[in-house]
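Okay, so chain A shows up in both of these, paired with chain B first and chain C after.
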Partner chain A sequence: MMKKTLIFILCLLIVLWFCGPVLLILIAALTPSAEYYDLARLVPTKLTLTHLESLFVRLKATLISIQTALLSIVISFAIGLPAAYVLTRYVFKGKNLFRLTILLTRSFPVIIIGVPLVTLYLRIGIADSVLGVSLAHSSMILPFIIIISSSILGGISVEYEEAGMVFGLTRFRSFLRITLPLALPGFAAAAIYAFVLSWNEVFISAIINLTNRTLPAHILNTAMTSPDYFKFAAGTVMALPAMIFIFFTRKYLMSMWGISLK
Partner chain B sequence: MIHHKGKIALMLLLPTFAYLIVFIFYPLVDTCLLAFSNPAGPLENFRRIITSGEFWKTLRNTLVITGIVVPLQLILGLALALFVNLRFKGYLFILYIIAIPLALSDVSAALMSYSIFASTGFLNKLLMAWGWIERPLYFFGFRFQDRAFWVIVITEVWRATPLVFIILLAGLQAVNKEYLEAANVFGFSPWQKLWKIVLPILRPSILSALLIRTIFAFQVFGVIWILAGRDIPVLAGEAYYWQTVVYNSNISSAYGLIIAVVTILISWAYITFLKPKSFEEEAV
Partner chain C sequence: MSEVTVKEVKKYFNQVKALDGVDMKIQDGEFVVLLGPSGCGKTTLLRCISGLETVTSGEIRFDQKNVTHLPPKDRNLAMVFQSYAVWPHMKVKENIKYPMRIKKFSKEEIDKRAKETAELLNITELMDRYPAQLSGGQRQRVAVARAIVLEPAALLMDEPLSNLDALLRVTMRSELKKLQQRIQTTTVYVTHDQVEAMTMGDRIAVMRDGKILQFGKAEEIYQRPKNVFIAGFIGSPQMNFLEMTVKREEGRAELVSKGLSILCEEDKVKGLEKANLDKVILGIRPENILLSPENGCVPIKGSVYFTERLGGETIVHVSTESKRFVVKVSGDALFNENETLRIYLNVKKTRLFDPETEEAIG
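== the complex of A and B ==
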């Protein structure tokens, strides 16, 4: 009995500690500004969606963040998927070296690629664009996609694919028709993770783009000058994909982080 | 046939190679070139940084934040992992709750802290409602760096402890129940079981959690820039400042290079000095 009560109290503390800040910023974002600035009003008497709405409707940065993240997913899958396929289906010389290189790239401090890319982008004419930031984000996402995808593909038996080839499908069609549908749930989780990585990244986005800034880069730049309710609305909107990610991948949390940390 | 297969494999790997060369290798080389190029000599950028006085403050802040935040995260993460691993009724729910900050951005976490610690934030309103204070406490701003520093520490601990927790919890699954039962037979206390059995088995997980957290603590940027700006300078913040405010790519690259070198040194130190011993060696 004593032990049960202790566990319950600890659980309560954990829930308060981890959920508290998320709920508080949501409440702060929903509080009308007049009530927020009133020190005597701890609990707001009414809630408003104005701040969140204005962030979605009027702020270009939100749209740019979404575009950047989606484009990053497309780029890193287009490049990473073939590599992941090779890692699981082919035996070749230097395979371990390749795997090691990918693993090392993952712990590479990506913040140092920002400055050189600014001049490179100016030269090839994609400075200050969504594409530029997506390409930079993909270099951070690509290793994850290769590692996660190859472990997903590794879990699907080659024999299905070969059976397809026996029945006259080409290797590519066999992959498309048989392996891909089986791997899709895993890829979906990896895609959401890629979205979150790009959505959260702030340093490179803030350095590369000056006018077409993503949401975190925009906040970073205007943090000192924008009103508090705007910060809270932005903080809430920025937390959304993270919450969605945790909700959908909650069952795979351990295996996923287990994989990406080996 | 085998030769043909090799060709296909190469073709499928080519995009990744090309990508790594353009977006990792080229920027890395260019960063070095930028950092070492200055009309007054190749080391001039670094001389300027080191003699500026700001640098030592910057380095100290980065080291102090890492030194406080990483051990706290490890202790809290370990405690949480051991607690959840008791597998009481509803432990999965608690696991998901702890995972909440896992995918959260640093900027978003900083803004959450701000909603609590701002001058008209929840903490001040609560303390005033209880009558503990008459005027709001200020945590941010030029004169309150010490307070902002602790808010940053709390935010970083809140934000990144779940990662340590997940790694350690995954590691705990490797602890065989039979070892613990054997320990019970020999009359080990819970404390002895933790030190003699659980922690040695957990060692590789602890090391990889420490390595990852130390590397990222050295790149700490978003939380600090949002909550304190340049009042609390850190390495990554200086790289950002020199690039976007002063427009000096050379100094910025030099800061970037310092971060990269420190990162490599940390990784190397962890891998060589604290090489995870195999379980057999530990058990002897």
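== the complex of A and C ==
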């Protein structure tokens, strides 16, 4: 009994530690500007959505963010799925080295490749475009997609696919008709994770695009010079989708990284 | 339905040899069991026949058609997997119908065949369920139904009963055998269970280290195993092996070890002469050692070391001067430990092996 209470208190502290700041940001974001600077009042008397709304009226940035994230997902999966398939279904020399190198690409901070990318993009004419940022984001997302997808595919018995092949399908069609539907929930979770990564990425999109900026880059540019409650509103917009997505997909995220709950 | 010919098939996984020149000819409609310990290459051979694994060299033919380089889908095969591999996202009826749809059967044909097969395997009432809602035995039936509904050239089974509990395994064993006799489809069945092999196979191929050691009818393999390995692998409890010295005189041969002397029969004398050995390994099965004298039996004195009473039969371990013999007696028999007794070896049913090569000599 004693032990249970202690564990409960410990968990509560951890939750507060992580959620407390988020809650404060959320409250600050919803506080009317008149009350925000009133030091006597910690909790606002009423809440308002005006700050959040004023951010979302920049519909263009939001749309670009969504487009960028979706395109990044498409590109990452198009390249990542075949790689993941090979990693799980075949044995070949240097397989572990290959797996390691995939992760190693993450050791280059995106910010370093930012400037070279801009010069490259200017030369081939995709600077300041959704495609440009998507490609950059894909390079950031791809390693995750490969590792995650290969662990999802590894969890689906190869015999299902082989049964498909024996009963009249080619390897490719057997993957499409048998393995893919089984892997779909996992892939969806991976895609959401990729979406969050792209949605939250700010540096690359701030460097590469000037006029077609994604939401975080746009916020970085505008909100940071605005009053505090706008900053908090911006913080909420950035954090909330990620938190909601992760909350709903947390079960898959666990299995994606190979953590067993049993 | 086809005749399956495997010719000089070799398979390497990088440097590791999995199949080392396998030759076998499976008759049309025959039920052949590939039997061997794990790692002997039996599953690899099955997968090479299915096309899921490519061969390194050699040839595989169905009737006259060379299928060595065809992908699995063009070989007109069906397979039952160890894990059943019943597709979890399809209902039972979809699992059974899907292969026919891939092969572009007409709708009436698909419905008719699915219905007949479901009846044959007693799964009609399960057709609308998902595999997750089925028990292991039911899933097994679905896997078999999906396989036979196509009327394939050959039916391949990879240890299909190994995931079932003991009781169900015995039932399914006889059901599968009956089913095969009824549909007369050429069947290749992989197992490491010698009882399954003995009871189901028209012929058994015993494999070790990527080779087929002996390929023949169950009784032939049981009565006349080609070498010590097969003799020891088939039969439970294991065959007794005893190294003996050979004393040869004109037209006679005597096998001697401590407390035991066996005068060989004519056919064995010939084998011994041909092999020209000083020592041989004598193999005798537990049921060929008796507790009461009979014609042609050689006695040896011993004492009871240990008894296993199984109800219907009793396994007695008897220590003698030269070896501890395992004796199988039918019925429930009671022995005291260290009780002295005489056991009688039925010499006619012994088998002699060369101690060097371990091959049978007579």
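Here is the rule we use: the second predicted complex is superposed on the first by the 230 of 262 C-alpha atoms of A that agree within 3 Å, B and C clash if a C-alpha of one lies under 4 Å from a C-alpha of the other, contacts with A are read in each partner's own complex, and residues count from 1 in each chain.
Just so it is clear, contacts are C-beta pairs under 8 Å (C-beta built on N, C-alpha and C of every residue); 3 or more make two chains touch, one makes a residue touch a chain.
Note that the structure is a prediction, hence the values are computed from the model and not measured.
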item	value
Contacts of A:65 with chain B and chain C, given as first, second, both or neither	neither
Contacts of A:163 with chain B and chain C, given as first, second, both or neither	second
Partner chain(s) touched by A:149 [first = chain B, second = chain C, both, neither]	neither
Chain B versus chain C as contact partner of A:198, first or second or both or neither	neither
Contacts of A:136 with chain B and chain C, given as first, second, both or neither	first
Which superposed partner A:214 touches (first chain B, second chain C, both, neither)	neither
Chain B versus chain C, judged by how many residues of chain A each one touches	B
First, second, both or neither for A:10, with chain B first and chain C second	first
Shared chain A surface residues [contacts with chain B and with chain C]	none
Touch list for chain B against partner chain A, complex	5-6, 8-10, 12-13, 15-16, 19-20, 23-24, 26-28, 30-31, 34, 80, 83, 86, 88, 90, 94-116, 118, 120-122, 124-126, 128-129, 136, 158, 162-163, 166-167, 169-170, 173, 208, 212, 215, 218-219, 221-222, 225-226, 229, 236, 239-240, 243-244, 249, 252-253, 256-257, 259-260, 263, 267
Chain A partner contacts - residues on chain C that touch it in the complex	13, 50-52, 71-73, 77-79, 81-83, 85, 87-89, 98-99, 102-103, 146, 150, 156
Chain C contact footprint on chain A (complex, rising order)	91, 157, 159-160, 162-171, 178, 181-182
Chain A - residues contacting chain B, complex	7, 10-11, 14-15, 17-19, 21-22, 24-25, 28, 36-42, 78-80, 82-83, 85-86, 90, 92, 98, 101-102, 105, 107-109, 111-120, 135-136, 138-139, 142, 146, 193, 196, 199-203, 206-207, 216, 219-220, 223-224, 228, 231-232, 234-235, 238-239, 241-243, 245-246, 250, 253-254, 257-258, 261
